[in-house]
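In the two assemblies presented below, subunit A is common to both, partnered first by subunit B and then by subunit C.
Up next is the complex of A and B:
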């Protein structure tokens, strides 16, 4: 491999600038990230599959376009990692599950097609909790991802792979998906940025659904501007997704740039009473308060708002999500694709027996738990009491948001109640695990956008905390404006990005050299 | 009196059934729409393509794929609903019906549950001149499943060596039309069921929304039947409905009638013997004319319906609904009155025509140039008999209205007579081509060679001197016997009128 001359610690926007100025090439940038993957991913395990050859070919094509004076987009040539829940034609897509081991989709998710159209080389597919069910990436059937800040700790979930890849400079950008916090909570605990767009703002076509009415694809990055740039590439109407909103994606990068100028005069920031008190780690709350003060310094007006229904959000979420998931996951039956397990000791097994054996062997415990919960919640006689009630709670939460946005332009809270916990710490306590998403779930239930940006390190453990900014549906630009303003103020205070404070990853801590291109889960 | 069916089911005689029970019918008819693309994706819908060539990620249920509603299918659903006098929902949703089956790609069917697009309608069905109002509970949209082929000696899933699934049919738009329980039909229940399906089919044809071919499965009927104890005469009380069975995929009009009758007799035998009816799905066997038990369908069977979260609600504007109302064909009752007047049929002729399921064929035959009486004669006298002998519906016999009109045109031109026309129908049914080609191939044209005819008349006169004398004496009516003899010699290929003229000339 040629010498690594490219600086992978810079932002995607800076890489794009260097490419535009001809200071580097996409091949060089892509190769540098592949090199980082080779050095560090043995330890971090952010990726389930790395496509070095494909990424380099796409990078070469990007360089050629640029040489011809016709770059495909502002991010043409900037490499990206894609969460393994998004269909990529020709690249394995497992959703972190054994049941999809070896499945190679014949089609691209709309967001993946848009990445390709915009010229972003795809480095590989990132690790995740099985079918996005979890808050720690420990539920991946292919082993956990580790937090680059402390390899004994979780990187959040379900999109721990995407967040860890970006935090460890193994990719400048990544795609995540957020059903109850799977983009924002990993962002908070890894010191990175994660944005869940307005429901319907980004196409879900090709996203292997966990809960269709809650899922949303969004950007994972190290800076607010990078997230906005990526959002502009993937967002906008898609006729293949009926729930996609028929509106242009908006000037999000402009909003981020404007926010970074630091003036928030006239912006009303609402602190949600229900999401900033009990159950939050002291260091997380301290960083939250500090961030609020910086917003006030930037000219924002801080008000307190109450959203009383939010206390029911977690309960409603754990009815709606498993109900939809139980139905979505029925298609994994060994009949057409993916894993097929024949029942032991059964001669000439029936289709039904093969389905049962495959689903038993192919799904992990958390997935089974949610299938059982969801099946129960939808059962006749229980539907009204569970699924029906949960839908009513969603309506109430939507009303709380609507009322709150009468008095505030954005709502804020800590993203996650704690910093990253130790691997295994909450694995046997599902309720404790579910509580991680307390502050992120309301946005999914109401379909409003939310961003998490790093707010600093908690005093008790020196680990990153996150600050969440929520906006009304279709006002994603407000998340970027306020997020960028806060980011600028914090970086001035810190003297640079928070990730500069992360301990360096020693290549020798890895589990040894891993051959690129053969990093599919079954190698582990 | 009890008999036993081919499969060993005890059957009570039909008269005994009616003496003790009142049947309640329920019909669920699935209509496959003829839209160019599927319900939720852009795949084509043509019948008979190579297996699994009309598929995509969506209709294969691949992970991540999503549905998009076919607007043309919604339009067809609304038109069907309007034609059935239904209300059209201002707002309705699709729902998932969850159950596992290998020919269902997602292991749920995208259907509608408690929010059907059409509801609360009715259709008047005529049986022997009597009108029954069949109330329609709902008509909703859904997608078809794939088709399983069980390879092995049994042809059924049990005992198959292996099974193949063709997903070309998966996702084809279906409209399911469900009646409310039809009560009070009594002995006519089987005919009412058949007439309802027949009239519904005619309606679908008139709307142009489906190929409406029962033999190809583009219309499929499920027959629900239960019996209630007969209430005493004069009582206004209605006995509660009994336990029902659902007989699946009854694929011809005749089978609808037979399946209802069979289930009535089977239920009654069980009830009369003190037994109780098992709520279950049953399969109809066209060849043996019996139903057999399918899977048990208890109330515990739970499809866990919930609104399809990948689709937005369907909310047809009132303007659009009214616009579609304007595209409806004439309603069947008005149309019948109009045709009867145009054709000059008596009430009885009209009733027989409708009863034989020949209305549309007669109409098309007249449109193709035949006189109303000729069209009626061929379809009701000649072709209805043949259909009955073959055990098929008139429409499925294989003779087209255009062919019938062609045959009549040959008769009108004097090329053939009615008797020869029957032989032309033999040829048409044997696939020998157009009526003209059959006449040509079979040498059926009437002989107009005066020499041959004259010789045959001479022979007949010579062979029947007594008859000839009677005619000479002025008993012209006796000519019939000579005409018969001439026709026999000419093997029927002579114009009887010309033969009569020749006989009378020669014996004048």
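Up next is the complex of A and C:
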């Protein structure tokens, strides 16, 4: 079968080019990725559900469009994986939770509808921390995803499945969602690219909300240009989302191409004092400094900026987010969809008793922690001291960003304070787990865009680290321009992409052949 | 906003959340927590609250709250009929349905 020989290590842009030139077909490319899934996902567990049949049918339709000279988009026929928090009609959508086990939405999220309209075959749904609550993907009710660089380590979270899927060549592209770093931190620890767009820049319709004022859908990929191309497909105004910004998405791929030419003359890069130093791993800081030097070589001017309120960002986030989550997750009430569990030993139970039993059985530990924390923060005796105060700190963080962007065009920091830790290491230590999002959270609180790109391997453990670029709201193009410039400079230095240094996955380490199409819901 | 009785138990700047308070909050959130879960969660929640308590007093009265990262204005659409879910689609995920309706357990208790 020629499908097996198709090169799945190339970028989405290169696949799109080969499709446009007629050198390969979407069916061939899609089959090659399904083959990788079959070989490697037993070990990695990036997917909760694989839709081989649906993806191949979409691929055949894409090939027909291309043959007729009428491709639906630049990425027509390039397959993609979708995080399981996005509604997909006809495909299970569990959010990594037992409470939605087997739920098949009757509608598509707007971003999913846009993928279909642009002709991207959907390979399947990716694993995640339950309702996107976590930084390691260990809080999935269906078992953790493993980091392709080291199968004993976490792939980040909550979108560890999407990041691991692109890092292990089981998809050229994926969709993620980022509430406090869930796209960027997995990108950092898996050596891949992840972009959180400006809040309101990409529709949230059909995204199962955790914290609706922080959640944002965005691209997961192996190159900056690929992220920009995907962002152009999913971005732009959506009347179905009342927080969607009514402005065109902008020329993001052009910004990435311009950046890759390597000239950053006149670009002011601000280093955030508060997002460095204590708590950051030495190897992560070394790669950060090295990347900074490369930006200077490309002509950028580096300035140091202070954002004093950022030290309170984590605390503000862990009040705002659970408060919103406790309210958003109230809809899982066992009445209209999802799990319904009857309490044991109760004859003719009431709706409320069924609700309580179902939410106990259907939610995992982390979800319960956050719902209870949010309920507490919103309680009358504590509202002003906690939730009210957190909202004010949010204002201060927004002001810090505004002041910093007066002196810098972009702000930079390490994406995550450490490289990937071992599975289980922080599972029952919520605070240690929360600290992973230290550098990514401020962007969510202020609604500004941020991208993480691989900065190299930390000396002490040989694992990937990430470099974060933040820009003002609606200036997403700056993330792509600076990100692509750094990516090009680093790859020249490395002699190729960072993922070339990843140890190959040995199919024999997997749990054997996993039958496609039947994986969703099998707790492993 | 749900009501939680009692003032926060504080001693030496520490925020404590008691097992009873966690049980009450779980009750408000409609989650049946068993004894083991309460034992496990209460101390963890205390640690989390302690770490976010630093936020108290950071921003003064002159700082307005931000509830949303972008300014929100109400959005209207034209009052026209658009396609929506069919009854079959809307009920497709229901644990139980009857006569094109969601079938739910009894709402009222015996004493009501």
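To be clear about the criterion, the second predicted complex is superposed on the first by the 519 of 524 C-alpha atoms of A that agree within 3 Å, B and C clash if a C-alpha of one lies under 4 Å from a C-alpha of the other, contacts with A are read in each partner's own complex, and residues count from 1 in each chain.
The rule is short, and it goes like this: a contact is a pair of C-beta atoms (placed from the backbone, for glycine too) under 8 Å apart; a residue touches a chain by one contact, two chains touch by 3 or more.
All of these numbers come straight from a predicted model, not from anything done at the bench.
In the superposition on chain A, contact of A:169 is made with neither subunit B nor subunit C. By the touch criterion defined above, A:316 reaches subunit C but does not reach subunit B. Of the two partner chains placed by superposition, A:480 touches none, neither subunit B nor subunit C. Of the two partner chains, neither subunit B nor subunit C is touched by A:288.
In the superposed pair of complexes, A:389 makes contact with subunit C only, with no contact to subunit B. Comparing subunit B with subunit C, more residues of subunit A are touched by C. In the superposed model, A:106 makes contact with both subunit B and subunit C. When the two complexes are overlaid on their common chain A, residue A:375 makes contact with subunit B and with subunit C alike. Looking at subunit A, you'll find residues 103, 105-107, 213, 239, 242-243, 326, 330, 333, 335-337, 351-352, 355, 375, 378-380, 383 touch subunit B in one structure and subunit C in the other. Against subunit A, the residues of subunit B that register as touching in their complex are 57, 60-69, 96, 98, 100, 102, 105-108, 157, 163, 165, 302, 304-306, 309-312.
Contact residues on subunit A toward subunit B in their complex (touch as defined above): 86-87, 93, 95, 100, 103, 105-107, 109, 204-209, 211-213, 239-243, 323-324, 326-327, 330-333, 335-337, 351-352, 355, 375, 378-380, 383, 387. Residues of subunit A touching subunit C in their complex: 103-107, 199-200, 213-214, 239, 242-243, 245, 309, 312, 314-316, 318-319, 326, 330, 333-340, 343, 348-357, 359-360, 363, 365, 368-369, 371-373, 375-376, 378-383, 385-386, 388-396, 398, 430-431, 434, 444-448, 473.
Across the complex, subunit A is touched by residues 1-4, 6-8, 17, 21-22, 25-26, 28-34, 37, 40-41, 44-45, 47-49, 51-59, 63-70, 72, 75, 77, 85, 89-90, 92-96, 102, 104-109 of subunit C.
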